[in-house]
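So, here's a batch of structures to check.
Two complexes are shown next, each including subunit A; its partner changes from subunit B in the first to subunit C in the second.
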Partner chain A sequence: MIGQVLAILLWIVVTILISYTLRHYVFTLNRVFGRFRQPYVDIGIADWPEVAVFVPAHNEERVIGGMLDALLASDYPTDRFHIIPIDDRSQDGTGAIIDQYAARHPDRVRPFHRTEGKPGKAAALLDATSRSTAEIFLVFDADYLPGPNLLRQLVAPFFDPEVGAVMGRVVPHNLNRSLLTRLLDLERAGGYQVDQQARMNLRLIPQYGGTVGGVRRAALLDAGDWDSDSLAEDTDITFRLVLRGWEVVYQNRSECYEEVPENWPTRIRQIQRWTRGHNQCLRRYAIPLIRNPGHLRWAQVIDGILLLGVFAVGPVLLLGWGLATALYFMGYPMLQGLLILFAVASYSTLGNFAAFFEVATAARLDGSRNRIRLLPFLALGFLVNLLAVSRATLSRGSWQAPGTDGPNWHKTERYRLDAPGGKP
Partner chain B sequence: MNLLGFAALLGVTLAWTALPLIPALRELWAPSDVDPLRMVGRDNTDISRFARNFREYMQRNLERLPPDAAVGDYFGRLPDGTHFVRVSRLPGVLDRGAVPDGSHDRVVILEQDVELNGHERFRLELWARGNLRGGPGAEYRAILGEGTVSLAAESVVWRWVHSNGLLRVKDGCALFGRTSSDTSVWLGRDVGFERVGAPWIVAGERAAPAAAEIPTDLIPFQPPAEAAVRGDHLRVEGDLTLPPRSVWHGNLVVTGTLRVGVGSVVRGSVKAHEGVELEAGGMVTGSVVTRGGIRTAESVWVHGPVIAEGEILLGSGSTVGSPEHPTTVSGESVVLALEAAVCGHLLAVRGGRTES
Partner chain C sequence: MYSGTGNDPVLGPAFRLAQLRLRGAQGGIIRKHRSMVQLEWTPRRAIRAAVLSLFGFLSVLALLPVLGRLWGQGMGWILPRLDLPVELGWHRVGIATLFDIAVPYPMLEGPWPGTPHLLTVGIGTAAILALSFLLPARFLPARYFLRFVAAIQTVSLGFFFFATPPFPYPLPGYLGGLLTVGMAVLALVPIALGFGFYIFDHSLGRQVLITVLIVGHLAILLPLQGLIHAWLIHHLSLVVQPTLFFVFGLLVEVLVFVALYGWAMSWSGSEIPAGGAPR
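For the complex of A and B:
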């Protein structure tokens, strides 16, 4: 009896893992052979809408100056955009640096110093966006370095009245610092160049990632505004927009440099934070997605469920290993002979390497030369991710209702030494 | 003995395991590809960029030449080794220098107004510092014209052409790559193009009109009852037709095909998943977007960007944008009927053409 229950569980695990394997292959093959869909990237000249650029910042004195310099160098019409740096109760020099920029550019930099209310990015955005009447809201984390044409590129899709959110591509710039940064560079390439772009190509659900992107004000309000209790306001707003019938667009050419974690403890904290936020969204939106409000295609529903569940796969995989081991020692006969041999051989050949295939394809599409040689080390990264994600998934915070975890600023350590306009 | 065998087996196994890691270990210890991806600034929307870069390149190099290079006809090499000819006296100099079959393997600088015979093949760039009137059947790699540039019938430009003044393209020409002018581009019949940018791009020789006026005697459109308001737009499942001479205020999203009737106006932006058809005299004050194709009849006016993942057919006398408010037309393919015009950028991913 116990054996049968464990076997059924194992088959469920196997089905889930095969689904993700197939997903990797579908996305990768789409990027290799499919049509590259980027309908808005050519809009270079138009009557540009008014844009507010939000930069949430909490103790970001190392990087905030560089970010503001980069935004001020944008080629977006200067009378059509303003920057709202959000200093959320920083204890370092962030507020002073922002004020210096505001004094130098009073027409374009409008600082917002938060001293009360819930801390955290979502709460800060909720307060800040209510102070702007711009048609489009763009959001950048403070450690990013947007190029001069990025704002135009990110705003262009909003000429489509159905587009509620836009996401650009994040590219690490500090990859020469450690093995971890190089592995993260490969992971990011796979995630954006293949995963996100394939979703865009296939008209599935590209994800708004909370930075290097933006939302339409009307869509944000229609979907219920930022949820200040959410640990992953980006995933949260993505699914609320999609469920309301808005489109989320990914633009692979809208690239922006970011600083990735340079040491493993920082990376583990980062991915555990993402896990808890993502799992919150899985809990909130899986059922509404399955119920399908009517305008979603089933391919979108399936993709949405798989996207929501991506951080829950780690413990599922661990569970599968445990179940398989237990069943083996219990002597439980699942399937005999050649069939099981074939299944194991097939999965070892294809399944285990699906993610590697995706990353390798991304590196090739990017025209990278030798970084792909590091691919075998990704197994190390995946192992660390697996354990970190599993631990976070099994923690209480992953499955609590939003808000019960206690709002807070969850920050990633900054490393930049050359802080233009800021303190080194 | 057994221990030795075990150790040997272990060693061989470890070596076998490490074999596929050799490239990875080498890259880890001696990094050869650790620069961030180069991407910031990569932008195809600046259509005249190649022409500007070429002008800067030439000016930079010509400044470094000896003084006699600026007098009369001059055959020489730029400091980077590129062969060029600077032509100050015409005619005939382009045939000099034993260039086979009338082809020209040098960068050509024309210092004065020039009218070419036709059927030349310029394998490197041509810089016309005066007006240039090409002959029929000529092939150009790229042209930078500081005055008016006229391309005669059946000419081909392989990479880019830019004119500071009017760019007139006669029937049957093929314009690969980028085509741009600081003032106007006039396209003849059956002209192929890819990326065109100018304040006024027209199939034919129509002058830019005054801004279109929106009629005031239109009937307000009553949307179907099942239509849903989503933020700033109205969402309609299935097809939708705006009757003739009606007006809708606001953005529209239609999951089927959208038809805007004769003389009707949408004061906002529209998107239709399957396609958009704008009947004669129709107007849209915002953008027009579709996953399918866009077809306009005669004398349609669209103020904002026109974006289609299928074919765009701009009907006779239709205009997108205005000289004061240039915009973008981008489609998988684009067909311009006679006197159809675009103010700004006209981009066809798989190529566009004017009607024959």
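For the complex of A and C:
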């Protein structure tokens, strides 16, 4: 009896893992051969709308200067955009650096110093955007290095009145620092070059990632503005926009460089933060998605659920291993077949071929081939992710009601320069 | 500069016409940005991938009886040199009426763990766990892996400490199962490459080459892996069998496959430019 119950549970786990495996294959094959959708990238000449570029920063003296220099070099019409660096109670030289830029470019850099209110990126954005009347809000993290034409590319989709948010591609620039940075480069390639673009191609739900992207002010207000209690304001606003009927667009051509973590502890903190935020969104939006407000196709609903559940798969996989181990020692009948099937399916998260196929395809499409030879080492990254994500998922912070664990600035360590300013 | 000519004899005139659209003013190729690079799904590409997969699958299947005999000869030569002078058992697998494959395995008994086995493996497990804490932080994945191994081994130690014979998976059956599943994996390699590799822009020669390399590598690895498992279980008892099954079983084959696959995916092709767009 116990064996049967465990076997049924194992089959459920296997089914979940197989669905993610199939998703990898569908997305990868679609990215390589499917109908490519990048409808807005050719817009070069237009009556560009007014844009506010927000750069939330908390103790970012190492990188904020480089970011502001890059934005100031943008080819977006200078009378149509301004930069709002948000200094959220930094204790280092971030505020002073921002003020220096504001003094040199008073018409384009309008600093916003936060000294009170809730800490955290979502709260900072809520305060800062409420002070702007620009039509489009773009958001960049302080360690990013946007190219001169990136703002135009990110704004172009907003000429489509149905578009509520836009996301560009994130590309690590410090990839040659360690094995970890190279593995993260491969992961990012798979996530953007394949996953996000396939969602765009298939008209599913591309995810607004909170940086290298933006939202339409009207859409943001329609969806209820930033939620200052959210641990992942990007995923949160993605699903609220989608549920309200707005389109989220991904632009693979709109690339921006970022710093990825160079050591494992930083990486673990980063992915655990994402996990808690993502799981919070799973708890909030899974049921509304399944109820379907009417305008969503079922493919979008299924993709949305899988997207929301992506960080909950870790503990599911661990549960599967536990069940398989228990059944193995119990000598449960038909164990052999089940276990083999499970071993194959579990690799969808821990590193089965589908995930490797996706990453290898992304790297090959990128054209930088030598790095594909690192493919088997991704198993190491998957193992760390699995345990870090599982731990975060099983923590109280993943599932408690919003606001009970006040969001905070969870800083990702920066590496660019030792000297303040952070010019690359 | 992308040096592809577009004269792919397999992909045909449609492909050549598509390539003309990318011809620059001075005859060079206008490269697509990496964000837009794709491959064209043509009937020829689909047929080539399907035919190669099917041909590879059937070829491996046809070779499996021979491979089984070779494995048997190899094991017969190695086993005495491992101080394991045992007979070979043969696990017969029939596929319809077309194939009759005999998979060899050592008829070796895995002892039920006694106190010395439990102590030895327990100390080894503790050493692995201790090592995981001594490794520097930059080896974090290795730390996690060692703890994962230690966790499974600890469960196994606990089971055998309390359990009584017989164990549901005696060693000969375990080895026979491992090698039989290994043969199935060999036959599935061309199928996996069918949608994971043959659909890309590599030459036919390279597609065949990687198939031979992967199948050949695994064909040699599998019996050696089985013999290592047999030797370890024979000396350390059944208490290590669960760890070998869960951690050092088929996962090893999958990682070997992925490593060689990753290498092959780094080879140049005729359509996707090497170097990509500027990074």
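Just so we're on the same page, the second predicted complex is superposed on the first by the 399 of 424 C-alpha atoms of A that agree within 3 Å, B and C clash if a C-alpha of one lies under 4 Å from a C-alpha of the other, contacts with A are read in each partner's own complex, and residues count from 1 in each chain.
Please note the rule applied: a residue touches a chain if its C-beta (ideal position, glycine included) is under 8 Å from a C-beta of that chain, and two chains touch if they have at least 3 such contacts.
This one's a predicted model, so the numbers in the text were calculated from it and none came from an experiment.
Once the two complexes are laid over each other on the shared chain, residue contacts for A:Gly331 go to subunit C alone; subunit B is not touched. In the superposition on chain A, A:Phe356 makes contact with subunit C only, while subunit B stays out of contact range.
Of the two partner chains placed by the overlay, neither subunit B nor subunit C lies in contact with A:Ile2.
Contacts of A:Asp366 after superposition on the shared chain: both subunit B and subunit C are touched. In the superposition on chain A, A:Asn263 makes contact with subunit C only, while subunit B stays out of contact range. With both structures placed on the common chain, the touch criterion links A:Pro148 to subunit B but leaves subunit C unconnected.
Of the two partner chains placed by superposition, only subunit B is touched by A:Ala218; subunit C is not. Within the superposed three-chain model, A:Ala73 lies out of touch with both subunit B and subunit C [touch as defined at top]. Of the two partner chains placed by superposition, only subunit C is touched by A:Leu383; subunit B is not.
Overlap of the subunit B and subunit C interfaces on subunit A comprises residues 171, 253, 255, 366, 368-370, 373-376. Those residues of subunit A whose C-beta lies close enough to touch subunit B in the complex are 37, 39-47, 145, 147-150, 152-153, 159-162, 164, 171-176, 179, 182, 185, 189, 216, 218-219, 221-222, 244-246, 253, 255-257, 295, 366, 368-371, 373-377.
Against subunit A, the residues of subunit C that register as touching in their complex are 33-41, 137-138, 140-142, 144-145, 148, 152, 155-156, 159, 163, 168-169, 177, 181, 192, 195-196, 199-200, 242, 245-246, 249-251, 254-255, 257-259, 261-263, 265-268, 272-277, 279. Looking at the complex, you find that subunit A touches subunit C at residues 25, 29, 31-34, 36, 38, 169, 171, 178, 193, 197, 252-253, 255, 263-265, 268, 321, 324-325, 328-331, 335-336, 340, 343, 347, 351-353, 356-357, 360-361, 363-370, 372-376, 379-381, 383-384, 387. The residues of subunit B lying in touch with subunit A in their complex are 20-21, 23-24, 26-28, 31-37, 39-47, 197, 228, 230-233, 235, 237, 251-253, 255, 268-271, 286-287, 289, 291, 303-305, 307-309, 325-328, 330, 344-345, 347.
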